[in-house]
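Right after this note come the structures.
First chain A sits with chain B, and in the next complex the same chain sits with chain C.
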Partner chain A sequence: MTNAQLDTPVLILGGGVAGLAAAVDLARRGVAATLIEREPRLGGRASQFCCKATEACARCGACRLGELLAQAAQLPQITIYTAALAVAAQPQNDGWQVDLAPQPGGEIGPGAGRPLRERTTLNTQAVILAVGGGAFNPAGKTRFGHGRVQGVFSALELEAMLSQGALGPDGLAPAKVAFIQCVGSRDASLGRLWCSRVCCGYALRMGRVIRKLLPDSEVTFFHMDVQDYGRAWEDELPLMRHQMRFVRAMPGEVTAGDGGPQVTYALAGEQAQKEGFDLVVLSVGLGPPNGASALGELFGAAKDDDGFLTADGGPAGVFVAGAAAGPRSLNESIVHAGLAASAAAVRVASLTEARHG
Partner chain B sequence: MRLNDCDPGFKHEVAAEPGGAGIRACFACAACSARCPVGANRPAYDPRRIIRLTLLGRREEVLASPLIWLCSSCYSCGEVCPQQVRFTEVLTAIKNIAAREGHAPPSAKITAELLAKQGRLLEVTDFENDKRSGLGLPPVQQRPEDFQAILGLKPSEGEAGEEPR
Partner chain C sequence: MAKLSLLWVDTPGLEDLDPALVAKAAGMALDQGGLLEAAVVTTSQEQAPAAVRQRLMGLPVAWLELAAEVGGGPEAHRLARAAVAVSRAAGRAAKGTLPPVYAPQPAQSVLVAGAGYSALAAAWEAAAMGHPVTLATPFDSVDQAGADDDPEAVSLLAAQLPAQVDLAPNSELTRLTGAAGGFNAWLSTNGDAPQTYGAVFLAPSGELVVGCEVDGLDPALCRPVSGLNPEDFAGPEDGWLHVAVLAGTAEAVPSYSFSAAMQAALALAERPKVQVSLLFSEARVAAPGGEKLFRDCREAGVLAVRVGPGKLEVRQGGRELAWADPLLGEELELAPAAIVLAEQATAARPAWLDNDLLVKPWDELVPDNPRLAGGRTSRTGLFITGALRGTSPGEARRDEAASAAAAMHQALTGKVVPMPAVRDNFCASCLTCVRTCPHGVPRYTVDHIQCAPAGCVACGACAAECPAEAIAPPSWGNPEMFSSLEWGLALAPEPKMVLFACAASGMPAVTSLSAQGHQWPAGLVIYPLVCAARMSQLLLLRALEMGAQRVLVAGCHPGNCRSITGNHKAMAKIASLSGELAALGLPTDALEFLPLASNQTRELASAVRAMAQKAGEE
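This part shows the complex of A and B:
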């Protein structure tokens, strides 16, 4: 059986904000692109995130996924396949030949994209890897009790709880919430030396959302130091210090107490103490994409010292966009995708010129 | 605290000792202090404070402090440290400097004397070796010469214990 054939100037792997932003950017430049997503649905990590506006927009970027999906659905230059996986790739004279295989579970949803139905061979001039980053599994930090101590959640689980309305006057009403930062970031014992760059921002924003939903709640922020999380940081941070308790100490452990999880920590000049909370949130960091090695082998993409994908030193015609290339917020991933799209468009234009000129 | 009273070279001195280099990596996150079982019982003992005082160059305050001898070497601090500072070993480096400058507490001196005399802290007597032979185990020999060499003491003729193997 021969595969279906498809030609596209640019192939984009990954249907999260970075992949969608690259596709939209290319389309606006008049360059057609095919985007494939291995999951049945588009959206990637961003689809798990809740809006973090309180009195005003918190610029978290969660809503930009909706904008990008709507734009991608309306631009005729963009073809999207969901439930599609790149299983083989061959470099060609002026591009790549990529074999796509359909994945189970593809269903036609509203908006952009339709599931890939058959094995397809696709010829393209440029490939953009926009497969996103991997979230740290907090079970790897056993002393913080995730999966073992009731009331301990990862920040991704809190995102889901907030977006489903599980927290608030009609749902759970925790009085005391603790965030523990740098779980899976800046940790030599895990071999993860990088700052994930997004966790201070999302934790402080979610802390504010909790304080707004439940005005009587107390939010404690255990950290080593607060990293810049974007625009207006210098103005926002002093306000947040009034809304939340900032504790500059990494807890030693989280254990099960009578009324909920207990956090052991030491303040400067004070004896270590145990404090009970209703909810302990582990601010998990970003890491290299799951399957980075497989993708690297497929397209010969290089990896940096931390294991993130990089276009530097890789083969011609392969570009990397978004959190696959390093820890990035949603807004930063969208900007980064624009750069990858620009580089891919330049390549397509020069190849076209060479062919016709 | 006056900066003029601080010795900026102290941290480098500690880092140059065996095991001391980890002090360069400390983030001062206090995970060690939170997990330390000694600090849980003796509030004045605080690993983060010892590291900060060392980095600040409070040389005499650190070396003369009786607190630096309280570490139980349980390595809990090393287990939780995100920076692999290995505080137990950093503290050993600090204690070695302190001992050279005459700050070792009497208990450390007694310990060294026992090692020099017996080659171990527990004196092995006929009681232990009788029990061992009952279990079919060979007798334990005390070999203090190695420790005497490490401690810079010459083994004296009459006190060398049993015959070396």
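This part shows the complex of A and C:
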């Protein structure tokens, strides 16, 4: 059986904010692109995120996904396939030949994108890897009790709970909530020697949302340092210090107590103490993409010391956008995709010029 | 004006609707396969069959995801909503057949005013897309970097600038008017004569300043990170030279600044007999490589000292530092031989930005609004990047320039851009639109209002505020809106309600709820808006007058409006009108604003449910 054939100037892998932004920016530059998403649905992580606005927008960027999806659906230069996986790739004269295989679960939803139906061979001049970063699996930090101690959730689970209304006046109403920061980041014992950039921001914002939904609740923020997070952040921090309890200590463990999870921690120069909470949230960090090595094999993509993908030193015509290239917020990923789109557009233009004389 | 037809493409969710009935209710002819002139199509362009797209090539068309806009519910109500959606889209298609729309010329010229990495990156990007570029730099050559840029990266980029970049050295932008497609720019080297540009990048070079450190330090001991030469430091044979690096002791510094301070500390620690203390309130290690640098510092013997913000004490005429150490439970003192201070990048805001030529105050021109990330400003076609915007030095500035350039190219070469229509004979020259337009589009020239070619986003703020109904973007004037609202409300059963939904927040939430098969209340008329800015007291009153018992306006959260203050404007109008409702014998909560993000479908559904319940009880 022969594969269906497709030609596209640029192939984008990944339909999260970075992949979508790359496609939109290419279209704005007048360059057509084909985007493939492995999952049945577009959106990547942001599709699970809640809005973190309280009195005003918290600039978390989650709703920019909706904006990008709407733009992508309107721009005729963009073709999107969901439930599509690149299974083979070969460099050829002017770029790459990539084999795509349909994945289970693809269904036609509203807006941009339709599932890939048949095995397809695609010829492209440039590839943008926008496959996102892997969120740290909290099971890798057993002492924090995720999956073992009731009432311990990862921040990803909290995002989904908040966006579905499962936490708040109509759902779970914890009186005492703790966030434990840097779970799977800044951690030599795990060999993860980087700050994930986004978790201080999302945790404090979700903490503030919880305080708004449940005004009588108390939110504790166990942390080493609070990172910077955009222009207005420094003005908001002093207020947040009033709304929530900031404890500068990294807890040693989380165990099951009588009424809920118990957090063991020691303040500087003091004895370790135990404190009970109703809900403990593990602020998991971002790491290299889960399939980084597979992509490395497919496209020969280069990796940096920490395992994130990089365009530097990689094969010609392969670019990287978004959290796949290192920890990045949604807004940063969207802006970062602008450079990958620029580089891909320049390559397509120069190849076209070379071909025509 | 071309004849409008309804072209019905069957999509899931429309099976039970009779196309002929919808067309009739919307006052249009159903396409019977004849020659089309202009059309409303019941599906999105993306999902239309190729044959349909082929047939409509080059015609004025309004694509409509009808199934999503109609949603669930009894057939009669679905029919009513379909008719409203189609007649509204008809307005769009009809306007497509008429001027004024702007058909841009390719490759319009771009002005980049500034110097350093951001300016060069913008010039490079614009030139790569084929635009003629003028790079106006205050220096006598382009490879001069700001103090906050890496000189090597700057000269590398300067060497790569394509030939079509026209260099204007020793030249500064002194005044700017207009919007995308039609800026007038005055350059100091051009005397009084303005030049016209399609788009403008403002990227002045940055300088490094010390901020966020304690006051009262002895200036003789202090030096900024950038002025440091580690070679100058070496301790005595029989002792130690103590150096303190202050990196955000009064208030935390941004992570790029903290990284530079750590680099300085590391370089000093590698000098013989030098003992370095790094003092800070937060270790800002979020810049790439920051955490590793932090560990390298400690391995090299740098003492990392966390002091609460503002808790560092200065004594002995600024020569001694003191702080409480929580681990030891005692106070520590340090009399360093030198104090190195972290710096942050800033750029002076050009004075002309603050005069009334750009109409908007700085906070409205460059708000910290996620929709204006990537160098954008509220003034379409004007991009402010780099140090002036507060973007971190380094690669983030390159990303920003690339992202901005794509938006710039689209504004200058996009196919069709809405242009507000101005009826000169109605205009009272009150300049309300000039003041109101968040994007700086209408301008007063000689004796009439003229609109900049590619700046309008059709937010409708001008149409909402103009006292003379003299200006409106295509399909957003009072007559069109009143008539489609009337249609909808006439067809809706009691209790009638209107949901005005902003295209950035309310409408995407409506669409995803509808796609999930959400059942809207029977009497609900959903009226999409580009922006809540289009709400006027007149429109709200007309909705009530036409029989709506409740009106809900779903717009963006404060700080998230693409047109900056469209949501605030709608909120203010609703608040002031609500005060008058009692006098009219109407419930005081008949009008409501719901701040929403596009992903808050649950919140929208429950607000509509609550509204329907209240309306039903009356």
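Definition applied: the second predicted complex is superposed on the first by the 356 of 357 C-alpha atoms of A that agree within 3 Å, B and C clash if a C-alpha of one lies under 4 Å from a C-alpha of the other, contacts with A are read in each partner's own complex, and residues count from 1 in each chain.
Just so we're on the same page, contacts are C-beta pairs under 8 Å (C-beta built on N, C-alpha and C of every residue); 3 or more make two chains touch, one makes a residue touch a chain.
All values derive from a computational prediction rather than experimental measurement.
Shared-chain residue A:73: touches chain C; no touch with chain B. In the superposition on chain A, A:90 contacts neither chain B nor chain C. Looking at the shared chain after the overlay, A:253 reaches chain B, while chain C stays out of its contact range. By the touch criterion defined above, A:189 reaches chain B but does not reach chain C. In the superposed three-chain model, the partner touching more residues of chain A is C, compared with the other of chain B and chain C. Legend: residue contacts after superposition of the two complexes on their common chain; A:268 is shown touching both chain B and chain C. Using the contact criterion defined above for the overlaid structures, shared-chain residue A:3 touches neither chain B nor chain C, since it reaches no partner. Contact with both chain B and chain C is seen for A:224 once the two complexes are overlaid on the shared chain. By the touch criterion defined above, A:143 reaches chain B but does not reach chain C. Residue overlap on chain A between the chain B contacts of one complex and the chain C contacts of the other covers 186, 188, 224-225, 248, 267-269. Within the complex formed with chain C, the chain A residues making contact are 21, 24-26, 28-30, 49-51, 53, 55-57, 59-67, 69-70, 73-74, 76, 109-112, 114, 163-165, 185-186, 188, 193-195, 197, 200, 224-228, 230-232, 234, 248, 267-269, 326, 331-332, 334-339, 341-342, 345-346, 349.
By the touch criterion given at the top, residues 25, 27-36, 39-40, 43, 46, 48-49, 76, 80-84 of chain B touch chain A in their complex.
The part of chain A that touches chain B in the complex is made up of residues 143, 182, 186-189, 224-225, 248-253, 264-272.
On the chain C side of its complex with chain A, the touching residues are 44-47, 65, 68, 125, 128-129, 251-252, 254-255, 282-286, 288-292, 295, 306, 326-329, 368-371, 373-374, 390, 396, 398-400, 402-407, 409-410, 413, 503-505, 508, 511-512, 515, 556-560, 595, 597-600, 602.
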